[in-house]
Amino acid sequence: MRWSDMDAYGHVNNVVYLTYLEEARVDMLFVHEPTHRAGRLASGVVVARHEIDYKRPIVFRPEPLRIETWVSRIGNASFTLGHEVVDDTPDGKRLLYARAASVLVPYDTAEDRPRRVTQEERAVLEQFLDPVPV
Amino acid sequence: MRWSDMDAYGHVNNVVYLTYLEEARVDMLFVHEPTHRAGRLASGVVVARHEIDYKRPIVFRPEPLRIETWVSRIGNASFTLGHEVVDDTPDGKRLLYARAASVLVPYDTAEDRPRRVTQEERAVLEQFLDPVPV
Amino acid sequence: MRWSDMDAYGHVNNVVYLTYLEEARVDMLFVHEPTHRAGRLASGVVVARHEIDYKRPIVFRPEPLRIETWVSRIGNASFTLGHEVVDDTPDGKRLLYARAASVLVPYDTAEDRPRRVTQEERAVLEQFLDPVPV
Amino acid sequence: MRWSDMDAYGHVNNVVYLTYLEEARVDMLFVHEPTHRAGRLASGVVVARHEIDYKRPIVFRPEPLRIETWVSRIGNASFTLGHEVVDDTPDGKRLLYARAASVLVPYDTAEDRPRRVTQEERAVLEQFLDPVPV
(Lines give C-alpha, C1' and ligand atoms only; values in the text may rest on other atoms or scores of the structure.)
Protein backbone atom coordinates (compact mmCIF):
# COMPACT_ATOMS: atom_id res chain seq x y z
CA MET A 1 0.00 0.00 0.00
CA ARG A 2 0.99 3.60 -0.41
CA TRP A 3 -0.04 6.30 2.04
CA SER A 4 -1.48 8.34 -0.85
CA ASP A 5 -3.82 5.47 -1.78
CA MET A 6 -6.09 6.96 0.87
CA ASP A 7 -8.59 9.62 -0.11
CA ALA A 8 -10.18 12.43 1.89
CA TYR A 9 -12.28 9.92 3.87
CA GLY A 10 -9.04 8.47 5.30
CA HIS A 11 -9.63 5.10 3.60
CA VAL A 12 -8.01 3.55 0.56
CA ASN A 13 -10.00 4.94 -2.38
CA ASN A 14 -12.27 2.31 -3.95
CA VAL A 15 -10.62 2.76 -7.34
CA VAL A 16 -7.19 1.87 -5.94
CA TYR A 17 -8.38 -1.63 -5.02
CA LEU A 18 -8.39 -2.33 -8.79
CA THR A 19 -4.75 -1.24 -8.94
CA TYR A 20 -4.07 -3.78 -6.20
CA LEU A 21 -5.72 -6.46 -8.39
CA GLU A 22 -3.58 -5.33 -11.31
CA GLU A 23 -0.47 -5.77 -9.19
CA ALA A 24 -1.54 -9.30 -8.26
CA ARG A 25 -2.33 -10.14 -11.90
CA VAL A 26 0.97 -8.79 -13.17
CA ASP A 27 2.75 -10.66 -10.42
CA MET A 28 1.03 -13.92 -11.38
CA LEU A 29 1.42 -13.62 -15.15
CA PHE A 30 4.81 -11.89 -15.38
CA VAL A 31 6.66 -13.16 -12.40
CA HIS A 32 5.36 -16.42 -11.05
CA GLU A 33 4.29 -18.09 -14.27
CA PRO A 34 6.23 -21.23 -13.49
CA THR A 35 7.56 -22.34 -16.85
CA HIS A 36 7.35 -19.17 -18.91
CA ARG A 37 5.23 -21.03 -21.41
CA ALA A 38 2.62 -18.32 -21.02
CA GLY A 39 4.98 -15.51 -21.90
CA ARG A 40 2.65 -14.04 -24.46
CA LEU A 41 -0.09 -13.79 -21.85
CA ALA A 42 2.22 -11.73 -19.70
CA SER A 43 3.00 -9.28 -22.46
CA GLY A 44 -0.49 -8.92 -23.88
CA VAL A 45 -3.72 -9.21 -21.96
CA VAL A 46 -6.61 -6.77 -22.10
CA VAL A 47 -9.19 -6.33 -19.33
CA ALA A 48 -12.71 -6.88 -20.70
CA ARG A 49 -14.64 -6.67 -17.45
CA HIS A 50 -14.24 -6.14 -13.73
CA GLU A 51 -16.69 -6.72 -10.97
CA ILE A 52 -15.83 -6.01 -7.38
CA ASP A 53 -17.68 -6.09 -4.06
CA TYR A 54 -16.31 -3.95 -1.27
CA LYS A 55 -16.65 -5.53 2.17
CA ARG A 56 -14.55 -3.39 4.52
CA PRO A 57 -12.62 -0.12 4.35
CA ILE A 58 -8.83 -0.34 4.23
CA VAL A 59 -6.61 2.08 6.16
CA PHE A 60 -2.97 2.51 5.16
CA ARG A 61 -0.37 0.60 7.16
CA PRO A 62 3.17 -0.42 6.34
CA GLU A 63 2.40 -4.16 6.26
CA PRO A 64 1.04 -5.46 2.95
CA LEU A 65 -2.38 -6.97 2.44
CA ARG A 66 -2.76 -10.33 0.72
CA ILE A 67 -4.43 -10.56 -2.70
CA GLU A 68 -5.47 -14.15 -3.31
CA THR A 69 -5.74 -14.74 -7.03
CA TRP A 70 -6.88 -17.77 -8.98
CA VAL A 71 -8.25 -18.73 -12.41
CA SER A 72 -11.99 -19.27 -12.16
CA ARG A 73 -12.80 -19.90 -15.84
CA ILE A 74 -10.89 -20.64 -19.07
CA GLY A 75 -12.72 -19.93 -22.33
CA ASN A 76 -11.64 -20.01 -25.95
CA ALA A 77 -10.92 -16.32 -26.24
CA SER A 78 -10.89 -15.14 -22.61
CA PHE A 79 -10.37 -16.29 -19.05
CA THR A 80 -11.47 -15.06 -15.65
CA LEU A 81 -9.41 -14.37 -12.55
CA GLY A 82 -10.98 -14.46 -9.11
CA HIS A 83 -9.53 -12.25 -6.40
CA GLU A 84 -9.94 -11.79 -2.68
CA VAL A 85 -8.27 -8.96 -0.81
CA VAL A 86 -7.70 -10.40 2.64
CA ASP A 87 -5.80 -10.14 5.88
CA ASP A 88 -5.23 -12.27 8.95
CA THR A 89 -6.01 -10.89 12.39
CA PRO A 90 -3.54 -11.51 15.23
CA ASP A 91 -5.86 -14.22 16.58
CA GLY A 92 -5.93 -16.06 13.26
CA LYS A 93 -9.24 -14.89 11.78
CA ARG A 94 -9.48 -14.11 8.09
CA LEU A 95 -10.72 -10.61 7.22
CA LEU A 96 -12.20 -10.09 3.75
CA TYR A 97 -11.83 -6.55 2.35
CA ALA A 98 -13.05 -7.18 -1.19
CA ARG A 99 -13.96 -9.93 -3.61
CA ALA A 100 -13.58 -9.44 -7.36
CA ALA A 101 -13.55 -11.08 -10.77
CA SER A 102 -11.72 -9.85 -13.88
CA VAL A 103 -12.33 -11.13 -17.41
CA LEU A 104 -9.11 -11.01 -19.44
CA VAL A 105 -8.66 -11.35 -23.20
CA PRO A 106 -5.35 -12.42 -24.77
CA TYR A 107 -4.27 -9.73 -27.17
CA ASP A 108 -2.03 -9.83 -30.20
CA THR A 109 -0.19 -6.55 -29.79
CA ALA A 110 1.54 -6.84 -33.19
CA GLU A 111 -1.78 -7.32 -35.00
CA ASP A 112 -3.62 -5.06 -32.52
CA ARG A 113 -6.55 -7.42 -32.02
CA PRO A 114 -7.83 -10.06 -29.61
CA ARG A 115 -6.71 -13.63 -30.13
CA ARG A 116 -7.63 -17.09 -28.79
CA VAL A 117 -6.12 -18.78 -25.74
CA THR A 118 -3.44 -21.20 -26.99
CA GLN A 119 -3.21 -24.82 -25.83
CA GLU A 120 0.00 -24.03 -24.01
CA GLU A 121 -1.52 -21.07 -22.20
CA ARG A 122 -4.53 -23.18 -21.26
CA ALA A 123 -2.19 -25.72 -19.68
CA VAL A 124 -0.54 -23.00 -17.63
CA LEU A 125 -3.82 -21.40 -16.56
CA GLU A 126 -5.19 -24.81 -15.52
CA GLN A 127 -2.55 -24.98 -12.82
CA PHE A 128 -4.23 -22.01 -11.13
CA LEU A 129 -7.78 -23.19 -11.87
CA ASP A 130 -10.29 -23.13 -9.04
CA PRO A 131 -13.72 -22.88 -10.61
CA VAL A 132 -15.34 -21.21 -7.63
CA PRO A 133 -17.76 -18.52 -8.72
CA VAL A 134 -16.77 -15.21 -7.21
CA MET B 1 -8.60 13.23 -19.35
CA ARG B 2 -5.02 13.60 -18.25
CA TRP B 3 -2.11 12.54 -20.41
CA SER B 4 -0.78 10.40 -17.56
CA ASP B 5 -4.04 8.41 -17.45
CA MET B 6 -2.42 6.35 -20.20
CA ASP B 7 -0.31 3.35 -19.27
CA ALA B 8 2.58 1.67 -21.08
CA TYR B 9 0.18 0.30 -23.74
CA GLY B 10 -0.58 3.88 -24.79
CA HIS B 11 -4.25 3.58 -23.73
CA VAL B 12 -6.06 4.93 -20.71
CA ASN B 13 -5.44 2.36 -17.97
CA ASN B 14 -8.56 0.31 -17.21
CA VAL B 15 -8.48 1.36 -13.55
CA VAL B 16 -8.68 5.05 -14.47
CA TYR B 17 -12.11 4.54 -16.07
CA LEU B 18 -13.42 4.10 -12.52
CA THR B 19 -11.92 7.47 -11.59
CA TYR B 20 -13.87 8.93 -14.51
CA LEU B 21 -17.05 7.40 -13.06
CA GLU B 22 -16.16 8.90 -9.68
CA GLU B 23 -15.85 12.32 -11.29
CA ALA B 24 -19.29 11.93 -12.88
CA ARG B 25 -20.79 10.75 -9.60
CA VAL B 26 -19.28 13.62 -7.60
CA ASP B 27 -20.44 16.03 -10.26
CA MET B 28 -24.00 14.70 -10.09
CA LEU B 29 -24.28 14.48 -6.31
CA PHE B 30 -22.21 17.51 -5.26
CA VAL B 31 -22.71 19.95 -8.05
CA HIS B 32 -25.82 19.36 -10.08
CA GLU B 33 -28.13 18.10 -7.37
CA PRO B 34 -30.85 20.56 -8.25
CA THR B 35 -32.33 21.53 -4.91
CA HIS B 36 -29.60 20.54 -2.46
CA ARG B 37 -32.11 18.39 -0.64
CA ALA B 38 -29.70 15.49 -1.08
CA GLY B 39 -26.82 17.23 0.60
CA ARG B 40 -26.10 14.37 2.93
CA LEU B 41 -25.73 12.04 -0.05
CA ALA B 42 -23.07 14.29 -1.45
CA SER B 43 -21.05 14.28 1.72
CA GLY B 44 -21.39 10.61 2.57
CA VAL B 45 -21.76 7.77 0.12
CA VAL B 46 -19.75 4.56 0.13
CA VAL B 47 -19.18 2.37 -2.94
CA ALA B 48 -20.40 -1.17 -2.26
CA ARG B 49 -19.91 -2.63 -5.73
CA HIS B 50 -18.70 -1.77 -9.22
CA GLU B 51 -19.13 -3.68 -12.42
CA ILE B 52 -17.71 -2.42 -15.66
CA ASP B 53 -17.48 -3.73 -19.21
CA TYR B 54 -14.75 -2.31 -21.40
CA LYS B 55 -15.76 -1.90 -25.04
CA ARG B 56 -13.03 0.17 -26.67
CA PRO B 57 -9.61 1.54 -25.72
CA ILE B 58 -9.35 5.27 -24.98
CA VAL B 59 -6.38 7.35 -26.14
CA PHE B 60 -5.67 10.71 -24.50
CA ARG B 61 -6.86 13.82 -26.31
CA PRO B 62 -7.55 17.33 -25.07
CA GLU B 63 -11.32 17.15 -25.65
CA PRO B 64 -13.33 15.52 -22.84
CA LEU B 65 -15.31 12.32 -23.12
CA ARG B 66 -18.92 12.21 -21.98
CA ILE B 67 -19.93 10.11 -18.97
CA GLU B 68 -23.67 9.54 -19.07
CA THR B 69 -24.91 8.82 -15.56
CA TRP B 70 -28.34 7.88 -14.32
CA VAL B 71 -30.01 6.19 -11.34
CA SER B 72 -30.99 2.65 -12.28
CA ARG B 73 -32.29 1.42 -8.92
CA ILE B 74 -33.36 2.91 -5.56
CA GLY B 75 -33.44 0.54 -2.60
CA ASN B 76 -33.98 1.07 1.10
CA ALA B 77 -30.33 1.20 2.04
CA SER B 78 -28.58 1.58 -1.30
CA PHE B 79 -29.03 2.77 -4.86
CA THR B 80 -27.40 1.99 -8.17
CA LEU B 81 -25.93 4.36 -10.74
CA GLY B 82 -25.65 3.35 -14.39
CA HIS B 83 -22.84 4.83 -16.47
CA GLU B 84 -21.85 4.89 -20.10
CA VAL B 85 -18.55 6.38 -21.23
CA VAL B 86 -19.32 7.66 -24.71
CA ASP B 87 -18.28 9.94 -27.51
CA ASP B 88 -19.76 11.27 -30.73
CA THR B 89 -17.93 10.77 -34.01
CA PRO B 90 -17.74 13.69 -36.47
CA ASP B 91 -20.47 12.02 -38.55
CA GLY B 92 -22.82 11.77 -35.60
CA LYS B 93 -22.36 8.16 -34.52
CA ARG B 94 -22.24 7.27 -30.85
CA LEU B 95 -19.13 5.42 -29.70
CA LEU B 96 -19.39 3.37 -26.50
CA TYR B 97 -16.12 3.01 -24.55
CA ALA B 98 -17.48 1.38 -21.40
CA ARG B 99 -20.69 0.57 -19.57
CA ALA B 100 -20.78 0.31 -15.80
CA ALA B 101 -22.95 0.09 -12.70
CA SER B 102 -22.04 1.23 -9.20
CA VAL B 103 -23.94 0.32 -6.03
CA LEU B 104 -23.78 3.15 -3.49
CA VAL B 105 -24.66 3.09 0.19
CA PRO B 106 -25.58 6.25 2.13
CA TYR B 107 -23.20 6.56 5.03
CA ASP B 108 -23.52 8.32 8.34
CA THR B 109 -20.01 9.70 8.73
CA ALA B 110 -20.64 10.92 12.29
CA GLU B 111 -21.82 7.49 13.42
CA ASP B 112 -19.45 5.71 11.02
CA ARG B 113 -22.04 3.26 9.71
CA PRO B 114 -24.39 2.75 6.75
CA ARG B 115 -27.81 4.31 6.93
CA ARG B 116 -31.10 4.15 4.99
CA VAL B 117 -32.06 6.31 2.02
CA THR B 118 -34.30 9.11 3.34
CA GLN B 119 -37.61 10.05 1.72
CA GLU B 120 -36.14 13.33 0.59
CA GLU B 121 -33.11 11.67 -1.01
CA ARG B 122 -35.40 9.19 -2.73
CA ALA B 123 -37.32 12.08 -4.26
CA VAL B 124 -34.11 13.60 -5.59
CA LEU B 125 -32.78 10.30 -6.94
CA GLU B 126 -36.10 9.63 -8.68
CA GLN B 127 -35.50 12.64 -10.89
CA PHE B 128 -32.53 10.81 -12.38
CA LEU B 129 -34.24 7.40 -12.44
CA ASP B 130 -34.03 5.35 -15.62
CA PRO B 131 -34.49 1.74 -14.63
CA VAL B 132 -32.54 0.34 -17.56
CA PRO B 133 -30.41 -2.58 -16.52
CA VAL B 134 -26.78 -1.89 -17.35
CA MET C 1 -9.31 18.72 -10.28
CA ARG C 2 -10.54 15.30 -9.32
CA TRP C 3 -12.05 14.55 -5.96
CA SER C 4 -9.56 11.72 -5.49
CA ASP C 5 -6.64 14.13 -5.89
CA MET C 6 -7.15 14.75 -2.19
CA ASP C 7 -5.31 12.60 0.32
CA ALA C 8 -6.16 11.64 3.89
CA TYR C 9 -5.46 15.20 5.09
CA GLY C 10 -8.37 16.42 2.94
CA HIS C 11 -6.06 18.48 0.70
CA VAL C 12 -4.81 17.85 -2.81
CA ASN C 13 -1.74 15.64 -2.35
CA ASN C 14 1.49 17.53 -3.00
CA VAL C 15 2.51 15.05 -5.70
CA VAL C 16 -0.65 15.74 -7.70
CA TYR C 17 0.37 19.39 -8.19
CA LEU C 18 3.04 18.05 -10.57
CA THR C 19 0.34 16.26 -12.53
CA TYR C 20 -1.42 19.62 -12.84
CA LEU C 21 1.81 21.08 -14.25
CA GLU C 22 2.01 18.17 -16.70
CA GLU C 23 -1.52 18.94 -17.88
CA ALA C 24 -0.59 22.58 -18.46
CA ARG C 25 2.60 21.59 -20.31
CA VAL C 26 0.80 19.08 -22.53
CA ASP C 27 -1.87 21.64 -23.20
CA MET C 28 0.70 24.25 -24.22
CA LEU C 29 2.90 22.00 -26.36
CA PHE C 30 0.27 19.70 -27.89
CA VAL C 31 -2.77 21.87 -28.16
CA HIS C 32 -2.02 25.55 -28.22
CA GLU C 33 1.27 25.54 -30.10
CA PRO C 34 0.10 28.11 -32.61
CA THR C 35 1.66 27.00 -35.87
CA HIS C 36 2.50 23.37 -35.19
CA ARG C 37 6.10 24.10 -36.06
CA ALA C 38 7.06 22.65 -32.69
CA GLY C 39 5.36 19.33 -33.34
CA ARG C 40 8.39 17.30 -32.39
CA LEU C 41 8.51 19.03 -29.01
CA ALA C 42 4.97 17.91 -28.36
CA SER C 43 5.73 14.29 -29.12
CA GLY C 44 9.06 14.05 -27.34
CA VAL C 45 10.13 15.98 -24.30
CA VAL C 46 11.70 14.52 -21.19
CA VAL C 47 11.58 16.14 -17.73
CA ALA C 48 15.12 16.67 -16.39
CA ARG C 49 14.25 18.59 -13.24
CA HIS C 50 11.35 19.98 -11.23
CA GLU C 51 11.37 22.42 -8.42
CA ILE C 52 8.19 23.47 -6.70
CA ASP C 53 7.31 25.64 -3.71
CA TYR C 54 3.98 25.00 -2.04
CA LYS C 55 2.27 28.14 -0.78
CA ARG C 56 -1.27 27.09 0.16
CA PRO C 57 -3.27 23.88 0.45
CA ILE C 58 -5.82 23.14 -2.28
CA VAL C 59 -9.22 21.63 -1.49
CA PHE C 60 -11.23 19.95 -4.26
CA ARG C 61 -13.98 21.97 -5.88
CA PRO C 62 -15.72 21.61 -9.23
CA GLU C 63 -14.28 24.83 -10.69
CA PRO C 64 -10.81 24.54 -12.22
CA LEU C 65 -7.69 26.29 -10.96
CA ARG C 66 -5.52 28.27 -13.35
CA ILE C 67 -1.99 27.10 -14.18
CA GLU C 68 -0.04 30.00 -15.63
CA THR C 69 2.79 28.64 -17.76
CA TRP C 70 5.58 30.42 -19.57
CA VAL C 71 9.04 29.76 -20.99
CA SER C 72 11.66 31.17 -18.61
CA ARG C 73 14.84 29.97 -20.36
CA ILE C 74 15.83 28.53 -23.77
CA GLY C 75 19.15 26.69 -23.93
CA ASN C 76 20.84 24.66 -26.64
CA ALA C 77 19.67 21.30 -25.39
CA SER C 78 16.97 22.15 -22.87
CA PHE C 79 14.47 24.81 -21.89
CA THR C 80 12.69 25.76 -18.68
CA LEU C 81 9.01 26.32 -18.05
CA GLY C 82 7.82 28.52 -15.20
CA HIS C 83 4.47 27.74 -13.58
CA GLU C 84 2.18 29.36 -11.09
CA VAL C 85 -0.90 27.60 -9.75
CA VAL C 86 -3.29 30.44 -9.02
CA ASP C 87 -6.86 31.45 -8.43
CA ASP C 88 -8.84 34.65 -8.24
CA THR C 89 -10.90 35.45 -5.16
CA PRO C 90 -14.42 36.86 -5.59
CA ASP C 91 -13.09 40.33 -4.70
CA GLY C 92 -10.40 40.15 -7.38
CA LYS C 93 -7.35 39.17 -5.37
CA ARG C 94 -4.84 36.71 -6.78
CA LEU C 95 -4.18 33.62 -4.66
CA LEU C 96 -0.93 31.74 -5.24
CA TYR C 97 -1.04 28.01 -4.45
CA ALA C 98 2.35 26.99 -5.84
CA ARG C 99 5.23 28.22 -7.95
CA ALA C 100 7.35 25.82 -9.95
CA ALA C 101 9.99 25.43 -12.64
CA SER C 102 10.50 22.42 -14.91
CA VAL C 103 13.59 21.80 -17.05
CA LEU C 104 12.65 19.94 -20.24
CA VAL C 105 14.93 18.20 -22.73
CA PRO C 106 13.89 17.57 -26.35
CA TYR C 107 14.12 13.85 -26.98
CA ASP C 108 14.59 11.90 -30.17
CA THR C 109 12.29 8.98 -29.51
CA ALA C 110 13.42 7.09 -32.63
CA GLU C 111 17.08 7.29 -31.62
CA ASP C 112 16.21 7.10 -27.90
CA ARG C 113 18.49 9.96 -26.87
CA PRO C 114 18.38 13.67 -26.05
CA ARG C 115 18.72 16.12 -28.92
CA ARG C 116 19.25 19.88 -29.37
CA VAL C 117 16.53 22.51 -29.60
CA THR C 118 16.02 23.29 -33.31
CA GLN C 119 15.90 26.84 -34.70
CA GLU C 120 12.23 26.39 -35.47
CA GLU C 121 11.41 25.21 -31.95
CA ARG C 122 13.38 28.11 -30.51
CA ALA C 123 11.25 30.50 -32.52
CA VAL C 124 8.08 28.94 -31.15
CA LEU C 125 9.33 28.87 -27.56
CA GLU C 126 10.37 32.53 -27.82
CA GLN C 127 6.73 33.49 -28.23
CA PHE C 128 6.11 32.25 -24.69
CA LEU C 129 9.37 33.65 -23.29
CA ASP C 130 9.24 35.59 -20.06
CA PRO C 131 12.65 35.37 -18.46
CA VAL C 132 11.42 35.86 -14.93
CA PRO C 133 13.24 33.62 -12.51
CA VAL C 134 10.77 31.42 -10.68
CA MET D 1 6.80 -0.21 -8.16
CA ARG D 2 3.45 -0.76 -9.79
CA TRP D 3 3.08 -1.63 -13.43
CA SER D 4 0.70 1.29 -13.88
CA ASP D 5 3.38 3.73 -12.66
CA MET D 6 4.54 3.68 -16.27
CA ASP D 7 3.09 6.17 -18.73
CA ALA D 8 2.65 6.00 -22.50
CA TYR D 9 6.42 6.32 -23.01
CA GLY D 10 6.88 2.97 -21.23
CA HIS D 11 8.82 4.58 -18.36
CA VAL D 12 7.77 5.40 -14.83
CA ASN D 13 6.08 8.80 -15.09
CA ASN D 14 8.23 11.58 -13.63
CA VAL D 15 5.49 12.56 -11.18
CA VAL D 16 5.42 9.07 -9.67
CA TYR D 17 9.04 9.44 -8.47
CA LEU D 18 7.66 11.91 -5.91
CA THR D 19 5.24 9.27 -4.71
CA TYR D 20 8.24 6.98 -4.23
CA LEU D 21 9.86 9.71 -2.09
CA GLU D 22 6.64 10.00 -0.10
CA GLU D 23 6.72 6.27 0.57
CA ALA D 24 10.31 6.52 1.82
CA ARG D 25 9.44 9.52 4.00
CA VAL D 26 6.38 7.84 5.51
CA ASP D 27 8.44 4.73 6.10
CA MET D 28 11.14 6.70 7.89
CA LEU D 29 8.87 8.90 10.02
CA PHE D 30 6.02 6.46 10.74
CA VAL D 31 7.69 3.13 10.81
CA HIS D 32 11.38 3.29 11.55
CA GLU D 33 11.44 6.23 13.92
CA PRO D 34 13.39 4.32 16.52
CA THR D 35 11.96 5.50 19.80
CA HIS D 36 8.63 6.99 18.75
CA ARG D 37 9.68 10.27 20.31
CA ALA D 38 8.94 11.92 16.98
CA GLY D 39 5.39 10.67 16.84
CA ARG D 40 3.97 14.09 16.14
CA LEU D 41 6.23 14.44 13.11
CA ALA D 42 4.79 11.24 11.73
CA SER D 43 1.23 12.43 12.07
CA GLY D 44 1.71 15.97 10.87
CA VAL D 45 4.25 17.15 8.35
CA VAL D 46 3.55 19.39 5.36
CA VAL D 47 5.70 19.52 2.22
CA ALA D 48 6.91 23.08 1.60
CA ARG D 49 9.21 22.40 -1.35
CA HIS D 50 10.51 19.64 -3.60
CA GLU D 51 13.37 19.68 -6.00
CA ILE D 52 14.28 16.66 -8.05
CA ASP D 53 16.80 15.90 -10.79
CA TYR D 54 16.01 12.98 -13.07
CA LYS D 55 19.07 11.02 -14.14
CA ARG D 56 17.75 7.85 -15.80
CA PRO D 57 14.39 6.44 -16.87
CA ILE D 58 12.88 3.67 -14.75
CA VAL D 59 11.11 0.69 -16.30
CA PHE D 60 8.75 -1.41 -14.18
CA ARG D 61 10.11 -4.64 -12.75
CA PRO D 62 8.96 -6.75 -9.84
CA GLU D 63 12.06 -6.08 -7.70
CA PRO D 64 11.97 -2.86 -5.68
CA LEU D 65 14.29 0.10 -6.14
CA ARG D 66 16.10 1.56 -3.16
CA ILE D 67 15.27 5.07 -1.93
CA GLU D 68 18.10 6.32 0.23
CA THR D 69 16.78 8.99 2.59
CA TRP D 70 18.57 11.16 5.09
CA VAL D 71 18.14 14.46 6.94
CA SER D 72 20.25 17.14 5.28
CA ARG D 73 19.20 20.17 7.34
CA ILE D 74 17.35 20.87 10.61
CA GLY D 75 15.95 24.37 11.04
CA ASN D 76 13.75 25.95 13.68
CA ALA D 77 10.50 25.51 11.79
CA SER D 78 11.42 23.10 9.00
CA PHE D 79 13.87 20.39 8.02
CA THR D 80 15.10 18.97 4.72
CA LEU D 81 15.27 15.38 3.58
CA GLY D 82 17.74 14.30 0.91
CA HIS D 83 16.82 11.37 -1.34
CA GLU D 84 18.53 9.25 -3.92
CA VAL D 85 16.63 6.70 -5.98
CA VAL D 86 19.22 4.04 -6.69
CA ASP D 87 19.85 0.48 -7.72
CA ASP D 88 22.77 -1.93 -7.77
CA THR D 89 23.78 -3.62 -11.00
CA PRO D 90 24.64 -7.34 -10.95
CA ASP D 91 28.34 -6.44 -11.09
CA GLY D 92 28.06 -4.17 -8.07
CA LYS D 93 27.84 -0.75 -9.66
CA ARG D 94 25.51 1.87 -8.21
CA LEU D 95 22.94 3.31 -10.62
CA LEU D 96 21.43 6.69 -9.79
CA TYR D 97 17.89 7.28 -11.11
CA ALA D 98 17.10 10.54 -9.34
CA ARG D 99 18.34 12.86 -6.62
CA ALA D 100 15.92 15.02 -4.66
CA ALA D 101 15.43 17.27 -1.66
CA SER D 102 12.18 17.90 0.20
CA VAL D 103 11.61 20.70 2.71
CA LEU D 104 9.14 19.60 5.40
CA VAL D 105 7.31 21.73 7.96
CA PRO D 106 5.95 20.30 11.22
CA TYR D 107 2.25 21.00 11.33
CA ASP D 108 -0.13 21.30 14.22
CA THR D 109 -3.18 19.58 12.78
CA ALA D 110 -5.40 20.52 15.73
CA GLU D 111 -4.55 24.22 15.39
CA ASP D 112 -4.23 23.94 11.60
CA ARG D 113 -0.97 25.88 11.39
CA PRO D 114 2.79 25.31 11.13
CA ARG D 115 4.74 24.86 14.32
CA ARG D 116 8.40 24.72 15.39
CA VAL D 117 10.58 21.63 15.55
CA THR D 118 10.65 20.48 19.18
CA GLN D 119 13.87 19.61 21.01
CA GLU D 120 12.84 15.98 21.09
CA GLU D 121 12.15 15.87 17.36
CA ARG D 122 15.49 17.56 16.71
CA ALA D 123 17.22 14.81 18.66
CA VAL D 124 15.50 12.15 16.56
CA LEU D 125 16.21 13.90 13.26
CA GLU D 126 19.87 14.32 14.22
CA GLN D 127 20.26 10.56 14.16
CA PHE D 128 19.58 10.66 10.42
CA LEU D 129 21.59 13.83 9.80
CA ASP D 130 24.03 13.88 6.92
CA PRO D 131 24.49 17.49 5.91
CA VAL D 132 25.42 16.74 2.32
CA PRO D 133 23.87 19.24 -0.05
CA VAL D 134 21.71 17.40 -2.58
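Labels A, B, C and D are assigned to the chains in the order they are written; within every chain, residues are numbered from 1.
Going forward, contacts are C-beta pairs under 8 Å (C-beta built on N, C-alpha and C of every residue); 3 or more make two chains touch, one makes a residue touch a chain.
Keep in mind it's a predicted model, so treat the numbers as computed, not measured.
Taken together, chain B and chain C share the touching chains A, D. Chain centres computed from CA atoms place A at the largest separation from chain C. Judged by contacting C-beta pairs, the busier of the interfaces A-B and B-D is A-B. For this pair, chain B with chain D, the centres built from the Cα atoms lie 36 Å apart.
Rounded to whole angstrom, the centroid-to-centroid distance between chain A and chain D, based on C-alpha atoms, equals 30 Å. Chain geometry summary: the mean Cα position of chain A and that of chain B are 23 Å apart. Of all residues in chain A, those that touch two or more other chains are 3-4, 15, 19, 22. Taken together, the chain C residues at the contact with chain B in this complex read 2-4, 19, 22-23, 26-27, 30-31, 62. Those residues of chain A whose C-beta lies close enough to touch chain B in the complex are 9, 14-16, 18-19, 22, 46-54, 57, 109. Interface residues of chain D, counted against chain B in their complex, comprise 3-4, 6-8, 10, 13, 15, 60.
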